[in-house]
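Okay, so chain A shows up in both of these, paired with chain B first and chain C after.
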Partner chain A sequence: MNKNKSRNIFIIVCISPAIILFTLFMVAPTVEVFRMSLYRWGGFSNTREFVGLDNFKVLWNDTNFIQAFQNSIVLIVLVAIITLVFAIFFAAVLTKEKVKGDNFFRVIFYIPNILSIVVIAGIFSAVYDPSTGLLNSIFGVLSLESFQQMWLGNQDIVIYSVAGALVWQAVGYYMVMYMSSMASIPASFYEAAELEGAGKFKQFTSITLPLIWNNIRTTLTFYIISTINLSFLLVTAMTGGGPDGSTEVFLSYMYSQAYGNSTYGYGMAIGVIVFTFSFALAGIVSHITKRDVLEY
Partner chain B sequence: MKLKKLFIALLFILAVVALAACGDEEAGGNSGDSEGSDDGEVTLHVAALESAYGSEVWENIAENYEALNENVTIELTTAKNLEEVVRPEMQAGDYPDVFLLATGREEALTETLIKENGIENISDVLTMNVPGEDAAVEDKILEGFTDTLATNPYADGEMYLAPMFYSPTGLFYNEALLENHGWEVPNTWDELFAIGDEAAEEDISLFTYPLAGYFDTLVGSMLYASGGPDFYDSAMTYEDGIWESDEATTVFETIDKLADYTHPNTVANANPNDFTRNQQLILDNEALFMPNGSWVVGEMAEAPRADDFKWGMMPIPAFEDGGDRYAFTFFEQIWIPSEAKNIDAAKEFIAYMYSDEAADTFMEAGAIQPIEGIVDKLDGEQEIYYSIYEEGDVLPAMGTFASTEPVPGASITEELYEKIDSVMSGNITVEEWQQAVEEVSDQLRPAMN
Partner chain C sequence: MKKSKGIRTETLYKIFIYVTLIALAITIIIPVAWVFLASIKENAEFYGNPWSLPEGIHLQNFVEAFRDAQMGEYLLNSVIVTTLSLFFLLVIALPAAYVLSRFTFMGSKFLNSFVKAGLFINVSYIAVPIFLMLLGWDSGLQELFGEGMFLNNRVILALIYASTALPFTIFLLSSYFVTLPSDFEEAASIDGAGHFRTMFSIMLPMAKPSIIIVILFNFLLFWNEYILALTLMPGENKTLPVGLLNLLAAERAAVNYGPMYAGMVIVMLPTLILYIIVQKRLTQGMTVGGVKG
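Moving on to the complex of A and B:
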């Protein structure tokens, strides 16, 4: 009994620094965001007016917010799906096929991930430049003038241009994650499958995919969180939310309302929605992708 | 079991502590309290935006001021991202005594304090003597600078922000290009569009703009030219139906017409990363005119340019022959937060900003104060820009939107200027744009403070 007690005290002492820090820097600010979303407040003065759920009512009818929300969802969905496909494909090729210089490719694919997002914005604004940009020049050389676009000027496609940059920077990171779990699949499985006459594609769908499924599920949550965060940074650095709000994402809209429009409480209300939305989305995705974990 | 109980108890205590910690702590710092000791020593905290003029100029100013006032020590904060640097300190109750930070910045710190009544009334600075000189401040400041909504945000005749470095704005162009083609500098919009038609035949676009936000000075001048100063004030104070009036419609439709003459790459480059490419179009003779301020000359100083390129600046054209032409004057502001600890010393410091000594120091860095006789001291290109108002029919335009209480989701500058990108790309019609502006004006009218 006594031993048990001292053990418990030891455990509590050990975990309390982490809990204190977590409460102070994660729980408390989050509670504060929820609390501030119920006030009308500019950010500095002592005149805070409690307005209940008024901020959320305004939000419901704010077409700019709805546009920003749509843009964010488009980005999350597109970036997650496209990155997933590319990352798994490259990971499978680099682990299973004997590609010359595979280590070189691994490094090349990973480089975008260590670049600052501001550098990526610079790179892509050069790629998308209407007259001298890489993309339009290539189409020009190939006599495909009809494909030339105002990548950052045409409001119908600019959000896809942003998605393109986000995919480019994310592929390497997820590829390395998938490669690590693919490398741990015993080679004997593939040898057996080959003897049974299974082709490469069949091997991929019946052995590789099921065995890295848990890894994929984890990364789906990462896609959601990182796209929400990185899209804000990229949009701020590259397009400024323009032209006319067509690349505004909900975090950049939150920022512009909380500071630019001096409606801090309203900004926090947007924060609450973003917080709830990302939690709910990650929960739903995690739930519907749940499978029995295969052991090997 | 016991572990669990202990754990929950611990969590509970932590939650209480955390919530108590984030409860409202009324910031101390009563305004008017002097931080200085009994012998009159004052430490004045000055926060200044590090703009194109650099931060060294502020160090020189601080040095000069300390030499003039031996009991004052200046603690200087200068940064390009001044808002981000001082905001946390301010939220902790530690306010700088003097701010040089203009309205119209993305972070809108100045606007936030205006909206929250957090700026000190400094009307009495006008009657103060300029330190080290015999003149009163109001006698030195150029006429018209202290009775605009940019200095008196509540439209009540009281000055809360004092005017600092000013720049005339207008349409910038390459003088050599116009001369080589025999095009006269246009006085009216019709003349401008006529040049546009001729230029189009030579594959030169008539117009481009760096960012949609640069329309603030262009639209301002156009509103003045279309309806005069009273009309402009009505628009800035959100008068009902003002944006649907004939005068405003003329402005909206002219900009819509301008869309046909705008360089096709403009919208794609009109973002914070690429806006200099639009300015480059002028240097490369690909476009003729752009709205800008005299700072563009320094901003593009290192950029390559066409042979015999020479900057020219003209006021915004009139709507009819012989009509008034306006050139908007952009200026930065200096102000004192109400929470400042040394308000009297701060006012004294602001008065010093209008001394000849300070003006000369600023001028060395390229920053021009709105002081009587300053234009005579300028030379070269600067003299050309700052003497724009000396042409007979050119009038100065100044001002900004009246301050309102913060209204969630409603921003007149977003609707009026940012939507221009959509008008230019043909995504919305001019009627939709006009309606959006009127709607947001309706929302802001009852919130005016």
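Moving on to the complex of A and C:
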């Protein structure tokens, strides 16, 4: 009996700080996001008024939100596809080919992932600078002046500039992920395929790809969730959503409405939509990419 | 005939591989190295060719960054917040992970999935609600004592950093504790060791490799974090990334490049040094917990 009591005390002492802090600083704010989205709160009045789904109705016709929505979709699709292709290619090369200095490449490729997003924003401000930027000066040296752009000033291309920075940041991380699952594929599979006369590309599509498929599916969810998050952090630090809203993304619009504009209720309604949207999208993608798991 | 053609495509393929690998390596090394070089350039040099090497070592940029842009003060804040956060995180997460993974009790299943659900909560969504919560507490305190203490407070920020890192950390540590055989605890119990003794002197020392991974990941996370710091520290006690954010914004308005690049070096140098020392552990550890921020 006494032993049982000391066990219970031990359990409570060990887990209650974690549970209390987790509830206070993560669960409660998350619940608040959903609750506040039903109130009109902020601006110059400090009163809260329950308005039901009114915030969502306003959102439906908010052209700024629709633009942020489009920008986010463009970024998610572009960043996911380009990063996926690059990361898988380099992972396959570094695991399957006997490359000299493979460790060096792996170490270098992972570097962007350890940098603060603010530093990345600074780096790409320097790369994209119209007059003294690295990118334009390369085109100048190669006499390709027609390629020189206002990378962050031109409304039509700035979203692709942002996508470039996000891909740069992400390739190494996903490459390391794919490398670890490729490394667990037995070499005998490739030897057998070699004997049957299958080329490298054939080996890749019929052995590597099916066997790491589950890993790829998991990372698709990561791409969606992390692009929504990182595009916000990068855009806030690099372009501030400009020029003229052309790089405004989901969460940057939410943040500027809730924190900058103090229309908390409206900002939180955006948060609810984005939260729901990202989960729905992740669910759909995960569902349509479902294949029978290959055992090996 | 056929064979020699096979060898030729093989060589071409090898060349192609090296070209792509080197191309990607260059696109990563050049901009990072360029920032380091730019941080010791004089302001006039920024108007010329961006590829020219620095004419001398102009450390004045760092002096200006530290003094005029207060990066020295922010560096201290970042060190304090990061250290405190790691301390809070370990003290809170280790016992919780140990109990949640190795004890069954009423509600243990629920608590495990409760904490795991936190993996899906992203800080970017909840920064503003946390700000409003602290603001509310502060105005409550103001009525009672005349001043608030929750906003602009390094200790509170550290506590919130630690809290937001709990789900991932507990998840990672639990996945290690689960793999240990229960013989250890039985032996300790027979020897008369209590639960606390068993945890501190037997179980926690064994988890050292996982603890190191936890520290590495969360160091990078806390050191680089800026959205919570920006939101919750609107007044004093800014951290380094927020200070750098101000430098970036100032650079857009006025033109003083040098201190900005010096600021970038100050922010990234500690992480780069740490990475070079521990890169193997970090990329291996990543596959244990694979969650991206």
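To be clear about the criterion, the second predicted complex is superposed on the first by the 264 of 296 C-alpha atoms of A that agree within 3 Å, B and C clash if a C-alpha of one lies under 4 Å from a C-alpha of the other, contacts with A are read in each partner's own complex, and residues count from 1 in each chain.
By definition in this document, contacts are C-beta pairs under 8 Å (C-beta built on N, C-alpha and C of every residue); 3 or more make two chains touch, one makes a residue touch a chain.
Here the structure is a predicted model, which means the values were calculated and not measured.
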{"item": "Which superposed partner A:Tyr160 touches (first chain B, second chain C, both, neither)", "value": "neither"}
{"item": "Touched partner set for A:Val27, first chain B, second chain C, both or neither", "value": "both"}
{"item": "Chain B versus chain C as contact partner of A:Tyr259, first or second or both or neither", "value": "both"}
{"item": "Touching partner for A:Phe204 - first (chain B), second (chain C), both, neither", "value": "neither"}
{"item": "Chain B versus chain C as contact partner of A:Ile11, first or second or both or neither", "value": "both"}
{"item": "Of chain C and chain B, partner touching more chain A residues", "value": "C"}
{"item": "Touching partner for A:Val107 - first (chain B), second (chain C), both, neither", "value": "second"}
{"item": "Which superposed partner A:Ser125 touches (first chain B, second chain C, both, neither)", "value": "both"}
{"item": "Which superposed partner A:Ile19 touches (first chain B, second chain C, both, neither)", "value": "both"}
{"item": "Touched partner set for A:Phe139, first chain B, second chain C, both or neither", "value": "neither"}
{"item": "Common interface positions of chain A, toward chain B and toward chain C", "value": "8, 11, 19, 24, 27-29, 32, 121-122, 125, 237-238, 259"}
{"item": "Of all residues in chain A, those that touch chain C in their complex", "value": "6-8, 10-11, 13-15, 17-19, 21-22, 24-30, 32-33, 36, 86, 89-90, 93-94, 97, 99, 104-112, 114-119, 121-127, 132-134, 137, 168, 171-173, 176-177, 180, 200, 218, 222, 225-226, 229-230, 232-233, 236-238, 251, 254-255, 258-259, 264, 267-268, 271, 274-275, 279"}
{"item": "Of all residues in chain C, those that touch chain A in their complex", "value": "13-14, 17-18, 20-21, 24-25, 27-32, 34-35, 38, 46-47, 49-51, 91-93, 95-96, 98-100, 103, 105, 111, 114-115, 118, 120-122, 124-133, 159-160, 162-164, 166-167, 170, 194-196, 199, 220, 223-224, 226-227, 231, 241, 244-245, 248, 251, 260-261, 263-264, 267-268, 271-272, 275, 279, 282-283, 286-287, 290-293"}
{"item": "Of all residues in chain B, those that touch chain A in their complex", "value": "2-3, 6-7, 10-11, 14-15, 17-19, 21-22, 26-27, 83, 90-91, 106-109, 111-113, 115-118, 211-212, 264-274, 277, 406-411, 414, 418-422, 425, 427"}
{"item": "Touching residues (chain side chain A, partner chain B) in the complex", "value": "4-5, 8, 11-12, 16, 19-20, 23-24, 27-29, 31-32, 40, 42-47, 55, 58-59, 62, 64-65, 121-122, 125, 128-131, 150-155, 237-240, 242-245, 256-257, 259-263, 265-266, 269"}
